[in-house]
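Shared between the two complexes below is subunit A, which pairs with subunit B and subunit C, respectively.
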Partner chain A sequence: MTAFFRGKGWVTGLFIMLALLLVFTRVIQPNYGANDFGSLVRAVLPFAFAVAAQTVVVIAGGIDLSVASMMALTSVIAAAMMDGATEEFALLVVPFVLLVGLSLGALNGILIVVTRVPDIVVTLAMLFVLQGAALLVLDAPGGSAAEWLKELVVGTASVPGVPEAVTDWIPKGLLLLLVCLGIVWIPLRRSWLGLSIYAIGSNQLAAFRSGVPVARTRIIAYAIGGLFGAMGGLTLTMSTGIGAPIPGPYLLASVASVVLGGVVLGGGRGGLIGPIVAVFILRLVRTDLTLLAIDPNVAAIVEGTIMVVVVMLGAFLAMRGRTQ
Partner chain B sequence: MSISAAPEPSVSLRRRIKRFMSDQPLVPLLILLALLVIVLQILRPGIVNERWIANTIKFAIPLALLAGCQTMTMLTGGIDLSVGTVATMSAFIMSTQVIDHSPAVAILICMIPAVLIGVANGIGVGIFRVHPLIMTLGTSLIGIGCLQVYQRTVIATGTKVPDFLGWLGTGLSYGIPNALLLFVPAAGLIIFTLSRTGFGRLLYAVGDNEKAARLSGVVYWKVITTLYVISSLLAGIVGLLYVGLIKAPSLSLVEPLVLPSVAAAVIGGTSIFGGRGGYTGTILGALILTVLTTLLTVLQMPEGARRMLFGLIILLVTAAYLRIVEDR
Partner chain C sequence: MTTSPLLDATGVAKNYGAVAALRNASLSVLPGEVHALMGANGAGKSTLVKILTGAVSADSGSILIRGQAHEIRSPAQARRAGLVSVYQEPALIPDLDVASNLRLTRTPVEPFRQWVRELGVPDLDLGETARDVPLAIQRVLDLARALAIEPDVLLLDEMTAALPSDLAEKVLDVVRRQAQAGRSVIFISHRFLEIAALCDRATVLRDGETVGVVDIEPGVEERIVELMLGSRMEKARASAADADDGRQSGTTPRIGVRKLRVGAKLQDVSFDLHNGEVLGIVALEGQGQDQLFGALSGSTRPSGGVIEVDGQAVEFAHPTDAVAAGIAYVPGDRADALLMQQSVHHNIALPFSANPRSWGPIDTGRERDIVRSAIERLQIDTRAQGEVQRLSGGNQQKVTIARWIAADARTILCFDPTRGIDVRTKKEIYQLLRQLAEQGKSILFYTSELEEVQLVCDRVVVIFGGKVVDIMPAGIASEAVLTRASYGLPRDAKPASDTSAVNASDKLGPS
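And then the complex of A and B:
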């Protein structure tokens, strides 16, 4: 039991914090209902995918500074391809964009492995490259998205046999998020490959000596990061209906949520659930600050302070844990 | 001796060049810089003249100084991404405060946030052991928020850039940029501190092997806190210089220089993992990046292609440099 809490304690704490925040939101805004929850989920979607992308890479012992640019690029590619095309054509666009994300992510990994340049520098360079590519695809926000894609994130899911009062609280966006993450993450986590990703993040030399193909695993980790990035880009296009070539504030948010979610920078520890809950918490804090009618600029300060304090606390606890 | 020294002349020559380059890591950087200037001259004959050189130096100086913050923090295995925010804050606060106060007072006031952010970074990294990347990103987020709130309060005051900052930022004396008056002592001080003083040695020691440094009696948090305060102060000064150069204070004034400043330090051969590097290489790195930017502008590429090339070249240069310096 204690082992369970030591292992899952952080994630449990995050869930409790999220619940408390939801209660708090309900208190300050009694009208806060299913609709508002739906819009919260829509706002969270791109952040959640950015966080997922960052999580996989960080667990493998790296860091990906190019995640926001990756999302911008995939988003404009999707929007530009669907512009003026038929609804059916979008069925081809989605896998194509996912493939682009996967291969660009793999390219990140290959460059790190082949050039032996530190990952921070490689992904920093890729940040510029992908941003530039996005500007070449669309030099101003534009393009369009297929209707069925847009509808994937609007409204609530209806499950037969479940009363509407419950399904009202299950926005389609949430299902989309869970399905997309689950399809990739659950098989990965249970496979030898997932274990290898944790292994190279935790101790590269030990992993190498136990026969883990370090280089290949690292490339795959970045490729999966790219895939999640592409999903994030697609959700951007879905929820706005256009593609914007300028990357959003996803880099900082993704790193913050990863740390807040209990994934150790440096790799080897943590999971995907923590960071995803963390991103919900951070967005909900923002919602609450807006509901409290706090100046958005002050809200930015509060948000930054919360982030820094939580991260400090996490680092402090990790340090205490090490010395004991 | 002569028999064993050169069994195969061609291989030996290549190896000797390589050995020479890895012993003198600045030489390949100088060659690259010269190559870039030559390419520029070929593409646009006559562009390389006295005025161009003065201009390049003028724009390279703020970048080189910011990259100085990165060099010092990277030597300890850290990074300081809050320099852009700190510089922007000091520039903006100075140019609004100078309307009510004398320039000296305004400059003193605008250094307060720089020191505060530096102290916060130092405490976070040194005592709480937060990853420097996160800590400095976080404080820069807070700083930007504060600056926006501050802007709300001074929206009616307007802004002004004191004449002497304009003189320092853009002026030329006998064809030599005045900014060198600030840069040469500052760079000299950084180089001297890093290579000749105890504090500089502590930075290398902490970055090379933190545990060993700790066991030899280095008080980690003191070193780190001092370092981040110095880095922030330097960034604040860069902000003042940069607003003198650009002459239009805004809320994202220095932000575009942050990632290039990291790139300049990395190109200059400072290891991002700490313990290796120096400021001389960083200065060359900043010059290379500035010339590169001019080159890409001269080629009249679309903005997107320019950014792509910029990224690719950073990657290429770093990879090539690592190969030259590390393969022994």
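And then the complex of A and C:
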């Protein structure tokens, strides 16, 4: 039972919860359709990448407070560079922005490893630095995005041979999310590097003794976090068509989804699927509360309560499993 | 022998700041040999191990493996050079399953499986998360993982300590065969029995230097103890006068410990602590003394046996219960006991003013008086009393003791209270403990500095492998006698030795 809750059980539970929520949404809003689901996905996209960034870092035993600022900075860099440029130029902008995210993430990691200042302090400092940098790039929302980039998150995917009734429910944004996360996460999860990231989060001394280069692995984990952050920044620019220098509410949301998604904040345990499903749950709850016309202030309280209750319930079940 | 050594470390030195952990250590291990590495607490054994395994780098000296110089900067490099270690604590990543742990260390699976079976664990599930594998089995897996990559030199640090005897037998057997196959094993153990049964030679460290390499043969234990102690043998003091074991028998002891067991570490401990007595506890590191103090101070629950206070059996569910019974615990690490950012006053007042059983307002006048008298009594240097962390280590330790005097505890459990503090303060603490005993308080005193036993204690209990192996009056408890006893050897030396000091203490043995 314990092993069940530590492994696939948690993720399965989250999927069930998401399914129930979708059914519930359909009940309170009978005409909730594919279009609404599409806009849910679009709203979730930047959150999901923030969550992915946070997940990698937390599994490695750290925390990244700079994730929202990172997204703001990469978003305005992309928007500023594409402003007035040709469509083809955007093909260069995307890899450049991803590289910026990767390097800034690595800088986070290097500062933590070299200065030995606690991660929470370094990334908090980075939060302010990146926020300032974003305002230097664009002092107000502006810039623009290439049309083909905006297209990537608009509408649904058309797969030949699959009836439209099905593809209506597969927004392009969802595919984009799955592809971007999969390209990084799946090879990582199967590699020695991935094992090392789990190892340093689980027990640093044992990892060192197992021959894991602890410092290097930590830097890489932050770099991957930065890469996901840059992806999040790009999706912000894609879906709004501009860059906004003020960070969105992504930091706390990312930590919340990581916890709800079954990743232990101490590191070493959990995966990426859980937190991603969790972020969908949290956004859908918000949608439902809006549909129910509940005061947004009350809605925030409800969201917080759900999080605590679910995590407590999980811990309780795991504990019972251990004593049996 | 003419064969060249597989591992040859010479002139290894390491300083931590001003402290020389290793001055001039050497270790030379021949092919096909099981080589014991020995030394008392603080002799530099663990530093040498850290250097060999790449956890720290040496300041000077050379390490040759198969005649080739190697710079070992990480466990991974040590591995590539052919030296693999099995550490005292399991090195499996707790959140990964066994198979992933093997992948992480790039260990071939089939040989690993074979070794695991050979070591007496027939049904291992590679999919199991390491955290869920029992501790003893984890150690076996560590060993199997090391054996599977066929290292030239295998370093085993207290390998058998946490193992049940059947598994330990298997381990020793495998180690022996490893040596027969022409590989070398460095074997670190506190158990002379194992060393005698397994090892070919032993290197002895003292004060950061290699002081001798001996062949293991019958009776070599004495020679090793001599080497470990060095000149300290001569300080053995003859005062057989107060050698009466049965002090205060007949009266009810303040604390009676009967067949106490705590987890796997503390197995069978019985002794009495009387009013007005300082009872010493002597043990090598990790023999169960931590668990003993944990149980007596109410922070660990015993798994068997009885603790009696004033003749009444008690069960402590929480340190509060122990404090309520008048038992105070002064931990070895002062940082565990003190509120470092708070004032001396606040720290001393904490136990009696913040009594968890009474929620009323604090009587500050009374508090001030009690604290002042405690400070005077212990001559605590109060120049920096605003924050305890700015006091010297010795003064901090005085504060931890002062608070319990102020709280009027009848029994004080001191766990290595003088570690790392200056000589003068040490003396003051000795005097203080003696004074407290004269006032009828009882004190349990664990120390890692054996000379303190005769300075402070009335009697001393020696624990080895979780069991009481000897209880003796302090008068005969010289460093030599205590060292032998703490390695599980009989307390009196055999006359085979040629050192006069041994013979002197030999006559004192009450056998």
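Keep this in mind: the second predicted complex is superposed on the first by the 304 of 324 C-alpha atoms of A that agree within 3 Å, B and C clash if a C-alpha of one lies under 4 Å from a C-alpha of the other, contacts with A are read in each partner's own complex, and residues count from 1 in each chain.
Simple rule for what comes next: a residue touches a chain if its C-beta (ideal position, glycine included) is under 8 Å from a C-beta of that chain, and two chains touch if they have at least 3 such contacts.
Everything numeric in this text was worked out from a predicted model, so none of it was measured.
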{"item": "Superposition-derived comparison: subunit B or subunit C, residues of subunit A touched", "value": "B"}
{"item": "Partner chain in contact with A:290 - subunit B first, subunit C second, else both or neither", "value": "neither"}
{"item": "Which of subunit B and subunit C A:196 touches, first, second, both or neither", "value": "second"}
{"item": "Contacts of A:268 with subunit B and subunit C, given as first, second, both or neither", "value": "second"}
{"item": "Partner chain in contact with A:39 - subunit B first, subunit C second, else both or neither", "value": "neither"}
{"item": "First, second, both or neither for A:210, with subunit B first and subunit C second", "value": "second"}
{"item": "Touching partner for A:115 - first (subunit B), second (subunit C), both, neither", "value": "first"}
{"item": "Contact residues of subunit A, present in both the subunit B and the subunit C interface", "value": "none"}
{"item": "Subunit B to subunit A touching residues, read off their complex", "value": "79, 120, 124, 128-131, 133-135, 137-139, 141-142, 144-146, 148-149, 152, 259, 262-263, 266, 272-273, 302-312, 314-315, 318-319, 322"}
{"item": "Residue ranges of subunit A touching subunit C (in the complex, touch as defined)", "value": "2-3, 6, 192, 195-196, 198-199, 201-203, 205-213, 268-269"}
{"item": "List of subunit C residues in touch with subunit A within their complex", "value": "53, 55, 74-76, 79, 85, 87, 89-96, 100-101, 103-106, 129, 132"}
{"item": "Residues on subunit A engaged by subunit B in the complex (per definition of touch)", "value": "63, 111, 115-118, 120-122, 124-129, 131-137, 139, 245, 252, 255-256, 259, 265-266, 295, 297-305, 307-308, 311-313, 315-316, 318-319"}
